[in-house]
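Below are structures written as structure tokens.
Each of the two complexes below includes subunit A, the first together with subunit B, the second together with subunit C.
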Partner chain A sequence: MSVSSFLAQTTTLVPPVEWAGIAPELPPTAMALALLLLAVARKRPELVSLPAALVGLGLGGWLITQDQIVPGAVAIGLGIVIPAAVFAFPRRQSMVRVFAAAASLVGALVLTVWQYATVLAPDLAVIVPQEALAGAVANDGIALFTRLTVYLTALLALPIGYGYLQDRRINKAEVEPLLLLTVVGMAALGTANDLITLFVALEVLSLALYVLASLARRDRRSQEAGLKYFVLGTVASTIMLYGMALTFVATGSVDLPGIGAAMGLVTTPELVSVLGLGLVTVGIGFKVSLVPFQFWTPDVYQGSPTNITGFMAAAVKAAGFAAILRLYLVAFDDLAAFWVPILAVFAALTMIYGAVVAIVQHDLKRILAYSSITHAGYATIGVVANSDAGLSSTLWYLLTYAIGTLGAFGCVIALERRRRGEVTLLDLRGLGRSSPALAGILALSLLSLAGIPGTAGFVGKLLVFQAGVASGLVWLVVIGVLSSVVAAFFYLRIAGTMFLEEPDPARGLPVVSTGLSFGVSVAATLVLYLGVFPQPILQIAESAAALVR
Partner chain B sequence: MGLLSLTILIPAFGALVIAFLDRGDAVPKIVALVTSLAAFAASLAILGPFQMGEPGLQLTESLTWIPAIGASISLAVDGTSLALILLTTFLTPLIIIASWDSITDRVRGYLAAFLLLESAVLGVFAATDLLLFYVFFEVSLVPMYLIIGIWGGAARKAAAIKFFLYTLLGGLLMLVAILYLFSQTGSFAYADMLALELSVTEQRWLFAAFLIAFAVKVPLFPVHTWLPDAHTEAPTGGSVFLAGVLLKLGTFGLLRYALPFFPDATVEFAPWLLAISVVGILYGAVVALMQSDIKKLIAYSSVSHMGFVVLGTFALTTTATSASVVQMVNHGLSTGALFLLIGFLYERRHTRQIAAFGGLAKRIPMMAGLWLVVSLSSLALPGLNGFVGEFPILLGTFQTNRTAAVFATFGAILAALYLLWAYQRMFHGPLEGADNENTSDLKPREIGVLVPLVVVIVAIGLYPKPLYDLVEPSVDRVLAEVGVEGLIPGDGLAEPEGGDQ
Partner chain C sequence: MAIGYYFAVSALLFSIGLVGVMLRRNAIVLFMCIELMLNAVNLTLAAGARMWAGPDGQVFVFFVIVVAAAEVVVGLALIVNLYFRRGTLDVDVPQLLRY
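And now, the complex of A and B:
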């Protein structure tokens, strides 16, 4: 049998795959695989890099002949980058991995934009939601924004964490591949349009994160963090799975639009579907640390290596909320009478709890952990607004939150590298004088998290509050406002310690590497840019409200 | 680019330049002075195209900003805002000269913070888009926080945080109200929100939200507690700007937004606000009387004097309400001058305890003389600027609410008591102690800062008509919106720009 007839036969057996629908996820996945193989090849990297280059170049060339210029260019670029990195850093395996992983993330971002420009919104104005892979994947506004947020976050987290991992001697071969797998899981969670894809995506990202959290094997706190996250996370996943099963029982459908349609029917048993909704809420509430499912957050955030914490705090929220938005607005739309009040109360509790408890903390990572809890509450306002404005405001909020959080954690890393231990408020004293640039970036990130005008965070808060008020949730917005004031207190306390106090000469200067300063500078620039000129991205967020229903 | 945006951008540009200058301190000082003077010149130039008799907002500028959420960069002025813009740009160069030698630590940061603060405040006065207004309103907090927190006194950190959080809380509640208005109109434009018809219940709640934001800023009686701390701990320049300009954001906001947006609620709550103002006037005065720290005394006197401004605003008569705008300017000038004098004295003696001074008039006659003039202006002596503001406020209030006016008058009497008593204890009596003996008189630079202030104080006192001509049409417009006095609604408002024909 000739090759061509074999190919023809297989294409009839395998259902056609809309590659464009999942294109952005392919580079990180492929790169994760290549990096793992590279780790296996150890001293003989050419055994991996050369075949990888061949595959990349071949695939890219073929794509270009098929008129797919952009994906072809990405494939060729990725094909070149592995041997190039191996050649450039023959003795620094971790540098090779960081460069290759970053390149694949750049590729993912390029493909995300390409997908937006050619497939989703050909006229660059209105997003036309599309299904792919027989309805398992939805390409719409949520998917677009989740991809942008998580790929960008990971791309910034890589250089920020490089020196830190080296300092702690935990720059193991599995770090970057796991990170890439996590990102792919997150992006898949943002696109998942049926319960099974959703659950698999959630588990991919969670499993990889459990390992990353316990990366520092010799550090007891990191072990504790990993174990705690794993045990509690598994329980939450199981509860969620049970909820999904009940939802399937009630509606007889696993794809979210189908569930949404079935929920509207009188034949659907309401009790079972509400039970399913409740259990799903518990599970997903755990992932994004909504009160009362937040107990794991401070310990896990504090114990995990700081670059992982920063990435986790920024990106898991984005992915988790993407799933929440899709679940509640598409599948459980008809049960809004049940989940809107419950989630609203959760949001209120989350905002208050996170802000109030953060006040009494001294460890910077714990403060930021509680701050991340508070922000989950704000993002939930956009969800319970249950409107297009709420949807786009949540997506925007998650993007701005992710950037601000990553900037803040980046600065914490610089401080931690100096001390090799936990970073408390005392370590920040007089930082505004001893290293003004770092202090400025940290202060800017905190101002953004506090929602002070001129920063991206302000526009985020403004939008979710606006959506809340427009949906008649004035009480919730007022609680959000009050908690913002409380939160501003602890953000200001950090800023005040840096700028209003004198430096302590006994403590050395923070260690800033090139990668770290690159990462945090980009984050700070984005915070300012999105704060002052939000229009371009905001317009995309506005049009992102179109969903696959 | 119009004159308004130019006035706002010049200081911000100066701050940017200073941020990129090299380490030396002399050049940044000159850059700061030049830019603040340029901003003053630009704001004076606004008077040229400004139509004096025209009540509405004029010199409109508009740029798209975030169309996705209906916000634009819209600027315009009326008489009230122009008066306050002039006050701001007038005070800033004086503050920079006054801080010339007294600030030695992180000079560049200090100057940049001041210029940014000036830009933000000018933006507040000129914005006619509610979101833009809110952004400027909140952005002004950050530089002031730094000015108090970095260059302030011993307890500066707590004072700075208190200042920030109080204002933030009020501001965010106002933001909720703004968002509610936005949900009704779909635009942040001032004119659109003004045109909105609201039910009385809605008006009550929204008025309350705006009131809290502005009452904290003014500050009105129960929420004034941040002010004495902030004033006492702030460096001299910070105190001057705080008293001179930042407090006016509150009274300006009441007049520009709270009154015309919620006329029914305004009329309904006016007696209560008159009562609160009177309590504030008397409380501030009595507490000022008991202070042993001269800076704290003036801080509490601010509470009392700003009470007069709110009293006049809510008397809702042309006389009283215009006078309260004039009094905003007057308070900025005289209290600003007092804080400058206190700062100069503090640089010489490093104490602010009244008891530490005595008989200084013999040793430093120049400072004593200026101190007396400024004190007399602050206690509303006829012939000086305080009188032309305070007297019409009381007069106008007397027409609408006799009781409030009578009680408020006691505040004026108490003002004479605490200011003159403090003057007497510090400058008269026997000259005792080596410290008092060795106090040196004002230097030419310091005199140069105070003379312009005193000249304006006397000028307004003798001939207040231009200032009244400037503010009265805009106040009439606001009162017409409230529906109590002034113009009949629609009259003069619908007319195109052009003023008196």
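And now, the complex of A and C:
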């Protein structure tokens, strides 16, 4: 058999791949591989950068001849950026990696917008959900928002963390590739429309994060955080996997719409499917740290390198809740009588626990960890509302939460860099006098997390509570408001420490590098912009309620 | 043989693994228990694939095997690092992350 006839026969067997459906994930994946190769090449970067440029230019040129102008331009841009960065920073490989990784994330964001404009919502009003890869991937509002949130978060986390990693001498070659792979896993989790894709995406993001959490190999706290996260995380993944397997056994289907359809049949054994639902809830509840599966969060957040913690706190929530929304609203829709009350109780416990325990903390990273637990509770209100309004409000909430959290962690990094240790409330005394810009940004991020009007967080909380009331969950919303009041106390206490107390001259000034000030400024601007002019993005969120069912 | 036995065995294996994770404190043993849980899931999936007579479950098993291999790589690296720095495999020994 000749080669050409073999190719002709096999290509008819392979189903066509809808590249447009997974386009935003391709630039970070390709860049992660290129950066790993670049690290292997060490002193001869031209061995990698020139072939990468050729591949990018060739692919881009071919795409442009196929009338795919935007993807072609992205491919060409990414092809050029590696040799350009190598040329610009011949002695600073870490700078090359940051620029190349940031460029690939910009490419991913451009492709997300391109996909939205050309495929998802051609008339820019309603989102028409699309399937790709034989139903394994769904492109709809959840996918769009998850991609926007995680790519934006990673793009801001890169410059914020650069100087910090250098200070602690953990700016190793694997940081940026692992970060890119995590982001790809998160975005894939937001698009996953069958159990296999969901599980693989979850593991891609988790495995890369385990390594990132224990990045500071010589720091025992980081080591302990990494090991704890790994053991508890894999156990949670495995429990969730067993739940998925039981769901498959009950319904005979691995794709979520198929499971949703089979759940409505009387022939489906309810005991097995409810057992599957329960185990899935335990696993995913762990990933987004809902009470009572939150016990790992403060330790892991405190021990991990701070830039990784900030990224983890912001982006993992977005990806995890994307998976929750899709699983519960599409696959377990018919079991709503079981999961709505359970998740509502979890949400109530989460909001109360996080807010109350945060009050007695002194370490700033732990405070933010408990704050992230509280916010998981608020986002869950949107899920248990089990409505279109709940879905779009959760997506919006996760975006605003991610930006506010990243801004706050960026300021913690600036404080941590002057002392190389834990940052407690005492370190914040008088920060408003000694470095007003940093204190202002930290205060703004915290006000957004507290949900003060005029910030992005206020709009998010308002929408989530509205969706809860509309679905008749008044008691849950009352608990949410009460917990917000308690949470506002500890957020405002931080702000008060910064602005009302006298600075301690012995503590010195925080270290703010260019990248860090760029990152936190962009985050603060977004917090204000989304708080004052929420309409454009909000409209997209409202039209995002159409799902692939 | 009825297919229910396979599900029973896999549930038993999964429970043994879960109890092991909760009770044992040696990092390697913990790791083995996690692998036991993963293989219990594989057994469930394979039996389910047989029951539904379709390829979906078997495809799932292959993905789980690959992911488990990747997990071993990351996990063993973390455990080796733990042993080098502390000279012990007990995951409970030094607890630095406290209030």
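In this text, the second predicted complex is superposed on the first by the 537 of 549 C-alpha atoms of A that agree within 3 Å, B and C clash if a C-alpha of one lies under 4 Å from a C-alpha of the other, contacts with A are read in each partner's own complex, and residues count from 1 in each chain.
Assume a residue touches a chain if its C-beta (ideal position, glycine included) is under 8 Å from a C-beta of that chain, and two chains touch if they have at least 3 such contacts.
Quick caveat, the model's predicted, so the values are computed rather than measured.
Of the two partner chains placed by the overlay, neither subunit B nor subunit C lies in contact with A:A108. Once chain A of one complex is fitted onto chain A of the other, the partner contacts of A:L246 are limited to subunit C, with no touch recorded for subunit B.
When the shared chain is aligned, subunit C comes close enough to touch A:I196, but subunit B does not.
Using the contact criterion defined above for the overlaid structures, shared-chain residue A:I373 touches neither subunit B nor subunit C, since it reaches no partner. In the overlay built on the shared chain, the residue A:V86 is in contact with neither subunit B nor subunit C.
Once the two complexes are laid over each other on the shared chain, residue contacts for A:A121 go to neither subunit B nor subunit C.
In the superposition on chain A, no contact is made by A:A188 with either subunit B or subunit C. By the document's definition of touching, of the two partners only subunit C reaches A:A225; subunit B does not. In the superposition on chain A, A:L538 makes contact with subunit B only, not with subunit C. Put simply, subunit A touches subunit B in their complex at residues 433, 447, 452-454, 458-459, 462-463, 465-466, 469-470, 474, 477-478, 481-482, 484-485, 488-489, 492-493, 496, 499-501, 534-535, 538-539, 541-542.
Listing the residues of subunit C that touch subunit A in their complex gives 7, 14, 17-18, 21, 27, 30, 34, 37-38, 40-41, 44-45, 47-48, 51-52, 54, 56-57, 59-60, 63-64, 67, 70-71, 74-75, 77-79, 81-82, 85-86, 91, 94-97, 99. The residues of subunit A lying in touch with subunit C in their complex are 195-196, 199-200, 203, 207, 210-211, 214, 217-218, 220-221, 223-228, 230-231, 234-235, 238-239, 241-242, 245-246, 248-249, 252-254, 298-299, 302-303, 360-361, 366. Remark: subunit B residues 65-69, 106, 131, 134-136, 138-139, 141-142, 145-146, 149-150, 156-157, 160-161, 164-165, 168-169, 172-173, 175-176, 179-180, 182-183 touch subunit A in the complex.
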